[in-house]
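Heads up: the structure comes next, in structure tokens.
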């Protein structure tokens, strides 16, 4: 047939996989969330929302249509089997990294970052993880469980060392979490983060609850008192000197987003992150 | 990559186009609706809902997985240009019919049936159209316009002759509409319909407002006092002796379906229609 | 203080635990659901809805206020640890049964019935399980997992033998599931069920998707074509000769119930089940 | 200006007041509701929904456009002052009756029927009130208050005598309410009602919770197990021999009606009631 | 009757048409929207929301009750006929301008500004149009169509010349749109706008997506990163020296505004615009 | 039983009443609201939302778990009887104050502050009331009624004298209200408030519509142009030198809060208020 069809990939991310430099992959993990579930629907909600945006960013004067990106869809995860699901996610990273693609992961809950970072450490020496988040996610365990959205950054710090994790924007945690994060040196600020990460490969994980619930109410655990959209963009912008080798955006919960405003915010943030950190800078 | 991905086609409809016998195509027309808009989102909502169902029908003891069906997605339609959009829909039918596929159309508003039937008359001699609907859709014009969801069956009757249209389940219309439909002989009942359509090619158009608003509230114009889901299935079942050459399911409006119940009803109805009227009967 | 407070227990279920004959306990398990999550919020939604009902049933001419029932609240479950959560649920049953109470369990997803039945077999010889449900839940495994809402009745049949499970109302399943259920003898009808269960201890598990999605849209997996509320009550009524030793009501998903109609249906169904099967018949 | 404007009256009810035979008036009382509030928004929601219907009823072969009806809008009620509000409602009835109009009242909560009936007794000798409702609304008092949506029919029975009230469809009440209603002779059935009301002036009050919550979830107190829309129409139809002198339709709660299905049911029911009981029968 | 009724006009805008200086008219155009429909319901949603506000503005120390404003309601538009609908809108402007009223238009989609401006150029020499908007709406064509919400300002610039259009707040556009707007000189800032428009008749068109989606999620195309309500008021305030001869507020989409917050923002903005630009300044 | 249950009190407020220093009590008054009802559901919605927060505040470095707080639940109020309900609320205050507890009241509508303040004047000499609110609530009467959410602060000023009421954040009122408030000296600013209230017992009443509707849309009367969450916290923080002897948080309306964002904001605000003003400072 010679007809034009609408796409259900992320905005303009329909380049052939083999020729793409960047790959978008949905990780609809939704098992350990303790407050509100629904992140399983996030990748598709972000894709659907993205078509309400332009491909062009006036801020950066760059356009997604100039880039080679392939959105491969959502991986299938075994329900109710947390460890099995984490293995599948890590396996998808093995595949992407083996094909030398720039990985863009759409959560799902925050725990997806653990297998992603595990795999990345096998490909990038001296990795730094920068976390933009409302919550420290730094518990030793949560309700007796070591693997949870509430412990994920602690597990990552256990692997990389706390000094190789930079936590920005944190406005909530238990007293014990905050102490541990301070003790391990992961709580950070922008200037400090730029110093620590300079010249090193950086993985960026963005929890959408960094945004104020007024901007993005549809997240697993809304935390009042967050950033505006422009403040998040400004933060991202300050990180532009860094060598980002991949990123994820997590914790959107579409059942709590009746106006689609949270999904729109996620989609625009991802557009800006792609345009800013896309590995081939020749278009700029 | 060697990973398993979730599909966004209709349930089990991911067979290669060239080898498929039946083709699903979304027609997100949403221009002439006079009461509540939103049918543009219907095809995708039906696809997403369909994965909550099984591929197997205990009623028919048949399974979608045994069939060769390709869901090609939604065609792009020019916004605000009603006649242009109808041409694109007719063009998509030209393509499908040229490839000798069994067409399954997902609306969009009811007006999509007009270009579909226009094209079908070029491929099937002596065509009968059976309409399952709450509303007669039989006005001469609506707010001065001859092309509208409220006039579509009259336009089809103008082409085929009223005696070649069978309207079932109609429970709403203006006095004038009801008189015209009676005069042109299109208002029908099941027995009469079976007699008239016997041995002839049949196109079936199902407006979801046939269902009671309690079952399917998410439609353009809910009309209280409709059928239960099982009553619709029973009606479909009585039509099983007929030679159906294609069908559409129209008027789902997802913004008015917060529980997804209307999309689930649409998806299950489509599953049953496919399993019942699929052209190759060798699996049964 | 000498003030009157509103209760957050189930309607009229605020008798002291020690003196109660029946105990209501919420099991907010919400881990293995494959389609729509949210059952974790069900027990509280049912409690809140129940206060819109009367304590008195005109059908039975009995009143909850005459009974000794204690609603102990929801048990805390470890997030993301399916097996651990099932152990906690079984532990709560051990406690209730040790205190010789009539157990009333509010799901949560359907998998809660597995640890409950496991424990019941230790207290009741020759137990029969009657399942009222739209779905067979009889898969050997689901997405590779043996423990799931989609396998729960198969696991129970593995323990009790298929002939000691009676599945009523099933309108959905894979071809393989239906074959297995038929082969193991669990698919049943009311007459057959009454014969098989006569004189034996009966555990009843009610999946709310037995109801038509028009009546109860807020469930994990709505299946079009279900029963009306009165048809379910009639079914329950026919089971009244049986010796029911406990029951659960599962799969309500409040995020998909914006009108509260599903929670109201659940609450009224529970009221009728309690009034019908309460162990002390002296009030009737 | 010579332009056409859309109307916000009830469907086709824009005849000049002075020449109208029937008058529609909104009574947005929303004070004593004990479960879910929101009936204050009902009259406008019904008007907005009504424009999704036709003016013509195939059942009756009559058309609203042939009738002389004036929708005067909603009366302003003093907030928080229950007795004052009831006086205003009675005052509006005094005005309508003084102008010899057929009164059609849109609630608001059920308590509006009390001042309406009080005023009607001054204009019609030997009045009968027929109540179509899920709940008896027959308490002596509710939470210590004699005036409440839960006591309204008892207050009316106190005025008229229980034998002049006919309660149809009641499926919920306290044991005490049911006993009182039985003792006072108000619980009735269709045949009995036709006998009792024959040849007498009849006021009809319809509580929308008569409908099953699957059909009309957006009511103050949904009661599972109600009538379908066609069953209500059939009930109305059986009452057609009676001399109805006015009616109200109450208890719609739009905040719990996200799909508008309850408002559509209310609007269509009102259309059928008007076409059936309109005082001038010359059009039929 | 001598009763008080609630009004469904815009807040306090119930002055007789003939004596009014300003006229509010709803233009529920909802045809060319490409992302989310629903603007047809906007004028009524704004009117309903307005009654939650006071008539008095502390910022301006002025009160709507002192002004002579008539809200005439919504004009009827032919469904599915874009050009016909634009003609009706222009006709309504002809009528208002012929009666020498100050026009206040409530969209509907942004395309309504085209026929309005066309008509205004016949009454005001040297007109300037100021656009407050997130999107440039400056495409040469959209999906092949020259008339669309996405091309409206380009069409207006084609008529007036780009130098007579001042675009403020634009944060989204294609690369080509931004270039064209820059080339035609329409992209502007407040100071520049004040200079250009000084002493000339000004028409103001406000697209509500200028506001951040956190403030006004219920718009056709939410664009993250917008202004707060107070920032919009401040912008309006800076324009107070100008001679505004009419304005419109467009693109509210009530189906995506479950909390009514967007409609409230629209209504308050309109109140402030009226109080600031009302033609008779003698009350200030 | 030896099982762990989830709590339905406010976060961590499950200390035994007798040993508690502070008491939380829900006052679900919802009678006089003129725009949108629903505040009756607020206390429970706040409690449910609170469990999505941590007990620890990084801002204050204090933890709810260190405090002795008892949440006693919601008092039962007589429906439709405004004066009776106010008496019950005052009675509950008599009880709490008699037991020498620090009172924390969860509305309900704003009118609850009137009986609370009445009772407090019997226990605290020289009381100052500080109101944080969008609306002045300072009418002499509203729709003829002296007792209303719109008159509550005027009634309190009538009791205490306007100079002993400090109104902060007011951005809406009638011209007359603003004049009266200015004349009675109640409109205030932070500095002035600190001066006036220094060394005196202070009662704080917080209307959630102080927050911008983008942050907290789910209130009775959203008023565009409000404060961000951090601005409210900053305001609270500036009041920390004062001797606060109790507070209320009012006007949350859960039916208009589909994302739970308003309830989360209320819950976090209450956490911060408790941690800041808890009477025993020894933990700090």
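By letter and in written order, the chains are A, B, C, D, E and F; residue numbering begins at 1 in each of them.
One rule holds in what follows: a residue touches a chain if its C-beta (ideal position, glycine included) is under 8 Å from a C-beta of that chain, and two chains touch if they have at least 3 such contacts.
Predicted model only: the values in this text are computed from it and were never measured.
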Return the chains common to the contact lists of subunit A and subunit B. C, E
How would you label the subunit B and subunit E contact, same or different, if same means the shared numbers make up over half of all numbers there? same
Whole-Å gap between the CA centroids of subunit C and subunit E: 55
Whole-Å distance, subunit A centre to subunit C centre, using C-alpha means? 39
Numbers and ranges of subunit C residues touching at least 2 other chains: 76, 212, 214-215, 256, 258
So which chains actually touch one another? I want all the pairs, not just one. A-B, A-C, A-E, A-F, B-C, B-D, B-E, C-D, C-F, D-E, D-F, E-F
In the complex, go through subunit B and note every residue touching subunit A. 1-8, 17, 28, 44, 48, 72-76, 88, 91-92, 95-96, 99, 258
Residue ranges of subunit F in contact with subunit D within the complex: 30-34, 36-38, 40, 76-82, 84, 142-145, 147-148, 255-256
Enumerate the contact residues on subunit C facing subunit B in the complex. 35-36, 171-175, 178, 212-215, 217-218, 221-225, 256-258
Can you check the complex and tell me which residues of subunit C touch subunit D? 51-56, 58, 61, 63, 212, 214-215, 228-230, 233, 258-261, 264-265, 268-269
